[in-house]
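Going in written order, the chains are labelled A, B, C and D, and every chain counts its residues from 1.
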Amino acid sequence: MKELIFINKNKQHLDEVIQGIMAARPEALRRIENEYSYVLTKKELFADKVQVIVNGGGGRGPFFEGVVGEGMADAMVSGDFNCAPNAYMLYQTAKEIEQNKGILFIANNFMGDYLNNDMAKELLEGDGIETKVCYASDDIYSSRGENKENRGGLSGIGFIMKVAAAASESGENLKEVHRVSEKVNERTRSLSLCYNVGKNAIEFGNGFSGEKPTEIVPYEDVNRVAEKVVGVLMNELGRYRSGRIHIMVNRMLYTSYAEGYIMLGALKKKLEGRGIKTGICTAGNYFDAYDYNGFIISFMAADDEIENYTKRVNGFDFTV
Amino acid sequence: MKELIFINKNKQHLDEVIQGIMAARPEALRRIENEYSYVLTKKELFADKVQVIVNGGGGRGPFFEGVVGEGMADAMVSGDFNCAPNAYMLYQTAKEIEQNKGILFIANNFMGDYLNNDMAKELLEGDGIETKVCYASDDIYSSRGENKENRGGLSGIGFIMKVAAAASESGENLKEVHRVSEKVNERTRSLSLCYNVGKNAIEFGNGFSGEKPTEIVPYEDVNRVAEKVVGVLMNELGRYRSGRIHIMVNRMLYTSYAEGYIMLGALKKKLEGRGIKTGICTAGNYFDAYDYNGFIISFMAADDEIENYTKRVNGFDFTV
Amino acid sequence: MKTIHVKNMKALLVHASETIIENEPLLTKIDTVIGDGDHGIGMKRGFMAVKKMLEKKEFLEMDTLCKSTGIELLKSMGGASGVIFGTMFLGGISHMPHENFADLNQIASYFADGEAAIERRGKTKPGQKTMLDALMPAISAMKQVAENSGEIRTLFEEGYKGALQGMEASKTMQSRVGRSKNFHESTIGLPDPGAVSTSLIFKAFAEEIVKCEEC
Amino acid sequence: MKTIHVKNMKALLVHASETIIENEPLLTKIDTVIGDGDHGIGMKRGFMAVKKMLEKKEFLEMDTLCKSTGIELLKSMGGASGVIFGTMFLGGISHMPHENFADLNQIASYFADGEAAIERRGKTKPGQKTMLDALMPAISAMKQVAENSGEIRTLFEEGYKGALQGMEASKTMQSRVGRSKNFHESTIGLPDPGAVSTSLIFKAFAEEIVKCEEC
């Protein structure tokens, strides 16, 4: 990852990011200060509801620093750069916000996240607090032909967050909120695609820690890329392909707003060209982990139950 | 400007951007198709209110493709890349949306924008439609010691938009909406700062068409840059410095979400350290015109009347 | 000949359109150095629209021809130059007769009032490194031919010479207007993009007028 | 000696902390090539916290010392290794006596049950290129010393030899677990970062034990 330029040397950058976010949203957010993680919660919690805590390794944002808010997470905990937050802070944050309805943790499916959420769950259950975890495993290229449950997560976690928020806000119990969250994960597929300038090619499946691409194809234009993306993701969706497809286009650092919407328009057109119904379509900057020109593209195949819980959420920094 | 990568060759990119935006917001926006400009309006217009039309040269967005919406513009018209939209489409758009309460155009203060808005105003007045224009002139480095009215505009136009929207929504007449918009402009100052990798220096006052910087200083850290920015902008605000300072941090293409909030936090702290009250603080990607690592930073010194009209607006793609 | 027929005026405008379209790269290049780089693209777009319109429509009167040209530029171009070049063809329209020909004085006055309209709209005068620095000397030269009641062909040829000289003179000026003014001293040495466009338009007029029957 | 005193165990842990802190660049480097590059930073942070805690507190019992160490790692680290190395010091805590010393068997069982707890938590076994590949042979070696009722010094020295061999062996493995598994075949040739950390911890134990009085 490209070094950040606008930082203060010898300071904890992520701590200063959180301070900046608090400067922007003092009336909505509360910070739980601690030495080893970065924690934000809603200032006013809905009483009597499952509390949703999104967590993951620290990054350049807005996932996960920017996800707390109406229709989104009740709290977020992030660790240092690329490093899952520790189980102890997950536990403490949950203790601080829980409302007797249980805790749902949502994290991307990486080993560190699994280990810490799993341990936090154990600690909470030891205190009699019902806890479940939903691990997002949308990254189709993160494992070679392995089961979905072995895959890592990308920006598809955004779909899970907002559905979990809507379900919990509508009063569903933990078991239900967890079930519908898992259902969304089950029906979400994402891929990363990066433009390689030197080769004038698109690399599919680059990992954000430098994992090699799975496939490299010569670059022609957006329409051709969109065609390929639609083919791959719809194929991956398998038996869920008849659902209504919600599209999320996540721009990488070097890719502009304009290009995000060009890609979104192209994807929607290709899907509709195949007679596939589309749902909520968004383009934005959600998960800023790649120093590339490119996108993470996520499709979620909603069924009627999921549709109930999906409405556009205007977060502070993005719409999802 | 760096060439866009994710486009379709031989197509009008900006047209495809608009199509993508329509894919994301079909329920909220309406497109007025035409051969030579890009026009979006609200799908449902407030009746009985001054209509606010923001316009300017096409760019990478979200200014101005993304500004139509609740609490923001009623319509936007953009021209080709860097090219003010033509007077005729401004006129036609106004004719299409006006509600007998007059039209306020808001544009950045460049010659092309002035000429086209001025001519559109004349055409509309010829049809008996009361029209006023507010030209944003926040860019302190765009003229050497000249009057504010000779300066160009940067992202400070975001403040004007939302205040004009709030004033018009609260039922004020055109004269009043225009007056308060001008007042916001009068009290807004912005500067651009770019990081030059080779020199490890910050360039102040680079123009987005390649205009040379006004000053180059060695780069140390965010706090030092923030100190300087606060000094320069507060000095430029002159007799308005006693107002409550609203901060808008606009990230340039290569600068991450995290760095935007680090900068915002640093600016707020510096201001408060000088005993200056701050208002709404935001960091985002508003005006994406610079291929740099850096920021456009805008301060608006609100008085009580302006405070009445400022609340945070969660746009679809940014919060302002 | 002391008059120009509407079908010849149309030929002049078609050739001017082609000349601008061809020279898009040159115009873009200059506006990139001391402006925002869009002048060539805008002019090309405007004159492609004009050319298309001219090829489609028949014109029987000078004023409708010239008005249509100006309006087409206004509708299609945008930018500073959309208004400026639109106004060049619209500002003096009252001098154009609703007839199938115009005389020397009418042509000269037409452009002179167009220039005056640009000054009003743009709040500028010649000398500030704009297209006016090519347009003004073109007009002065045309006026002189009209006063001496020369040939219509000479009127356009002298007009071009004036425009060319003016464009050359714009090189020595520092920009005081539009985006290019922010490039300060570094604008000296290069011609103003709009002045180049103006001289190209008059160049095309001069090239075409000699080919016209009855000229 | 057949036992280790709590103040010596503390010295071992302090030296292990220092060794990890010093080796942060090495750990970072390996995790950058076949992981996400955070292992060194996380381990350094964890063991800096441990060192600070150890320097501040007096310990009179083996179990409180080892428990505090594990909890400090859990609280400060995060990442996979936070839980994993925390569990290494916490999972076998029931074997540590609430006394100011522990014997050979207690030490060996303590680490053995820590290893088992990691297997459960992490759903892995040795052989998948993790820290277990260093920890497991260290434990086997320690167990043997305990069975033969050797010296406590030998226990740690043999433990280190086992860990080192295991770390070396991890080079030949392809990762099947954690982020590094996505680097597939290219993980072969490099050791697992967590295995390197583990061998460094046992190296520090072995280096320090010889300096302890009464050992």
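Throughout what follows, a contact is a pair of C-beta atoms (placed from the backbone, for glycine too) under 8 Å apart; a residue touches a chain by one contact, two chains touch by 3 or more.
Here is each chain with its UniProt name: A, B = Dihydroxyacetone kinase-like protein; C, D = phosphoenolpyruvate--glycerone phosphotransferase.
Note that this is a predicted model, so its numbers are computed, not measured.
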Touching both chain A and chain B (chains): none
Centre distance in Å when chain A and chain D are each reduced to the mean of their C-alpha atoms: 34
Where chain C and chain D are represented by their mean Cα positions, the distance between them in whole Å: 83
Distance between the centres, which are taken as Cα means, of chain C and chain A, whole angstrom: 57
Chain-level touch network, classified as line, ring, star, complete or other: line
Which pairs of chains touch, using the document's own definition: A-B, A-D, B-C
Chain B-touching residues of chain A, taken from the complex the two chains share: 4-9, 13-14, 16-24, 59-62, 65-66, 195, 219, 221-223, 225, 253-266, 268, 278, 281-285, 288, 293, 295, 314-319
Contacting residues of chain D [partner chain A, same complex]: 32, 35-38, 41-42, 45, 74-84, 121-122, 177-179, 181-184, 186
Interfacial residue positions of chain A with respect to chain D in the complex: 35-37, 57, 79-89, 110-112, 115-116, 118-119, 142-144, 152, 207, 209-212
